[in-house]
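Please find the structures below.
After this come two complexes, each holding chain A, first together with chain B and then together with chain C.
Presenting the complex of A and B:
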């Protein structure tokens, strides 16, 4: 849950990048880390296996600066995508203010995307959170791959985006859509705060 | 060394603990890793990384305890060559908090930290207010500020 300090006028929010294994969650954070000036970001923490697969989480704190007079910081987390690590994935979701679901656009990965989306819903429920009440955006990553291998964002919307939340096509490796996705989830999380309810 | 609190009710218990236990760094945070108070860190961003890791360790061990059908572990301690790390839960009116303590072995000890941690836990429990009804935080037109901030952040 977001932390708001009215005395110091500070806001801290937790955003979790969720999705199946190898969909590009860590790549999103690496791109953000590379593009944000040193003074506006902390160290990127990666708890990964020897083969660079996320074991527990990646973590990147960024300073968004002043938003409506509040010094605003976002803590970006990824979860491990592999099915094997569901226990740790559930732990990272605790206290999330918003979720970016990073789907793999490859047609052959559609079942993995669906399974991960169902897993997100079930893990949120274990924390007492209804996915319908949580700020959520979809990112359809790997849109740079050959057309014959991937599904278009409109098709992925039909297959995955049951709630009609904001969705973004992306190529996280080269940065396309990364910024737009972060902006999209930031807006939803802050809108929820502005409405006077905890994000 | 500075002591700083996001929630002011945590400040006095924390300052007392730091002095008595000789702690080098201390974080008081929510179980999700949001920092309520800290002592000894110089950069806000470093605080957040330490909090994320501390909360993750506690969450992992709580989960192991759950799978063993036992109560959560009360505290964890890791001792290195020069520093020790002590990590424990504190139930309060604001929910379960996590406290991370880093101490220098030539200044303090696990025994000293444990001795005064009990007092810190009691002081935090006593000082913690009941959860508040959320207040309105941001003006409705914050989108422009957000857009400008993110554009600046990404050099656009």
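Presenting the complex of A and C:
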């Protein structure tokens, strides 16, 4: 991982939005994209099928400018959620500095959430990364849906958030919770800077 | 129309935190090197975060470092108003000229350019002109250029072309620091915990913070007991604690509580800005302080074009010792390089562009380069020590000119600039010019160039020939005074006039003295371009008339004294009374008398003078007084040792090349008949 390169005075964070299909990962990135000034963002790369399902991955580079003398860049990725794109997911996960797990709050999607979470764990292991050592936050998306359809964040925490990482309720379509989530993962990732050794 | 800089708004009074550090660093770089670091510098932030303070800080620091700089601060509205007033008065061009001559232009609140097409194109034109001339422009706005509504694309790219930097909302620590400073400025004292409570309030705008302090001060003034933290919160209406930031919510319960409290809150207005501010604070905490310091120094010096590998090497280490000393040593080296570059640029601009002056690791090479430049830089010709002011004879014919010279000496470059001495050949212009030069050269660090215009032209031709015009220019550009004798000789010399014109402007702008001599008033000289003639006329043109009796008497006395001849009064009177249209002809006459005396081994007396100059015998005291030098046979009996008398002033003048011993007329006739 090359989170911080002191020689080049660069901080580059690779953040991967992970989660089951249709949980709203790409929606998160679109919302961020729309709020970042032109000068600060690169082109958002999105490879989608005709039905707007992510085929390969989405990629959004954000330039935060010089912070404390370091040129700071965030690279936001999504993985394709559908089960059969596992090779791509594994590829995208490579070198991730932090993961946002976007869970679908709908009660009927709980199994998919669990499955995806396990998939994340095993894919990370393939890269030799223990999920317990990687900055991770949970986002419970679609909290705007009718109460009877969704699980409350507390319930989702009980069901998914075994490690008690920071979690955020969200409505990615309208933007609620999107930046809170991004802030949450950014803080975790950047805090590792102080602990981490220079590249 | 230009607003004055508020003296309180300096960098020293600006509280620097993570959210504004980059903006401050950029501002400082710009103030220290206007026109070269980031041009234009565009600072944007929400209201009350210190844009205007920073902008004025740039102005103050730039002025402090280079008091000669022309610095203008104004808000966009003031600028628009000035433009409209100028256009209404038919002075649009004058308005443009005025702003194109500003060295550092500080424009506040440019977001008001929205929907003002004509002002946008005016600003575009001005920015281009200033950038081309290497002048600095700093702008502030409440949003980045791209977000200013209806802004011309060319202007967006122009304004974004330098450095666009934002000031984020201050973090908690910075807010406390700001509050402490503001309270101190107002002489207010609060109990511990009060300012911290205010800083904890959801006020991110410094003006709001100020309002809070003011409110507390007002309350404290009327209450008997000092306000404590809790009272402060109550007074400011900070009942409930501010919502905790997301990450500190930490565990699932915190998040659940927040989410469960109701539907997700509607998004804030500038989510990205808030995110950026948070990340900035986090990075500021995560990056060790010394790394941030080193990295900022690198950013700063890189921005100015210096190589920074020494500092970069520091960053590669885990915990280098003595970081601050290393930075200080680096900065010292850079400052030395800067000084060398400035010095060398004056000696030879071509050398100043070398990369050694940008690489602190090669400071030794830079010193050598500078030494070479110094060795190769001959000072421009200095005034001749043969013409001291003390030896200049003063009389009614030249009193005005001499008093003008004395006025110039009192305030060089400021009183009469240029000073043009006009008069016929030989009436003392060159002496007075050199005398002025000698006196000016007494000043500390003075470099006075004093030479004939012909020599000036010859030097330029030689420089063109050797492809060293830059060096030649640099040599004259660093003088503190330029004195050219016989400036009318530039007539018809187009290139010299061009160079003189530029040099003239540069020196005059820098309040460095210019003085010239000419055979006639500049506006009557043929072959001299109007722009030069008008500039010469623009100072003081003063005429030296034919020498009067006082001047002549003083000149004769000086010449005699120099030759160890006792200046007897009758002799002085006789010589001073002789008509002479110039000092030079007078001196020539005196020289003639003295060489005749030397040849005959006789003392210099009135009689001898009369004999030599008028042809009368020493015994014949009643010689002609009309001054015409008769060469008749009355002198025939006297021995004459010298054949041809030549003026010892260095050049043979036909009227002084006189044959004294004519053969007898009969012999001459026989010669001619043969």
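As a working rule, the second predicted complex is superposed on the first by the 190 of 199 C-alpha atoms of A that agree within 3 Å, B and C clash if a C-alpha of one lies under 4 Å from a C-alpha of the other, contacts with A are read in each partner's own complex, and residues count from 1 in each chain.
Everything that follows uses one rule, which is that a residue touches a chain if its C-beta (ideal position, glycine included) is under 8 Å from a C-beta of that chain, and two chains touch if they have at least 3 such contacts.
Because the structure is predicted, anything quoted here is derived from the model rather than measured.
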item	value
Combined model on chain A: chain C and chain B, fit or clash	clash
First (chain B), second (chain C), both or neither touched by A:36	both
First, second, both or neither for A:6, with chain B first and chain C second	both
First, second, both or neither for A:140, with chain B first and chain C second	second
Partner chain(s) touched by A:153 [first = chain B, second = chain C, both, neither]	second
Touching partner for A:161 - first (chain B), second (chain C), both, neither	second
Partner chain in contact with A:88 - chain B first, chain C second, else both or neither	first
First (chain B), second (chain C), both or neither touched by A:73	first
Location of chain C clashes with chain B - one stretch out of 76-84, 274-282 or 472-480	274-282
On chain A, the residue positions that both chain B and chain C contact, one per complex	4, 6-7, 11, 35-37, 40, 64-68, 70, 72, 179, 182-183, 186-187, 190, 193-194, 197-198
Residues on chain C engaged by chain A in the complex (per definition of touch)	18, 21-22, 144, 146-147, 160, 164-166, 245-247, 249-253, 255-256, 258-260, 263-267, 271-272, 274-276, 278-280, 282-288, 291-299, 312, 315-316, 318
Residues of chain A defined as touching chain C within the complex	4, 6-7, 9, 11, 32, 35-40, 64-70, 72, 140, 143-144, 152-154, 157-158, 161, 164, 166-171, 174-184, 186-188, 190-194, 197-198
Chain A partner contacts - residues on chain B that touch it in the complex	6-8, 30-36, 43-46, 48-49, 52-53, 56, 59-60, 63, 134-143, 145-147, 149-150, 152-156
Touching residues on chain A, where the partner in the complex is chain B	1-8, 10-12, 14, 35-37, 40-43, 45, 47, 56-57, 59, 61-68, 70, 72-73, 75, 77, 87-88, 91-92, 94-96, 179, 182-183, 186-187, 190, 193-194, 196-198
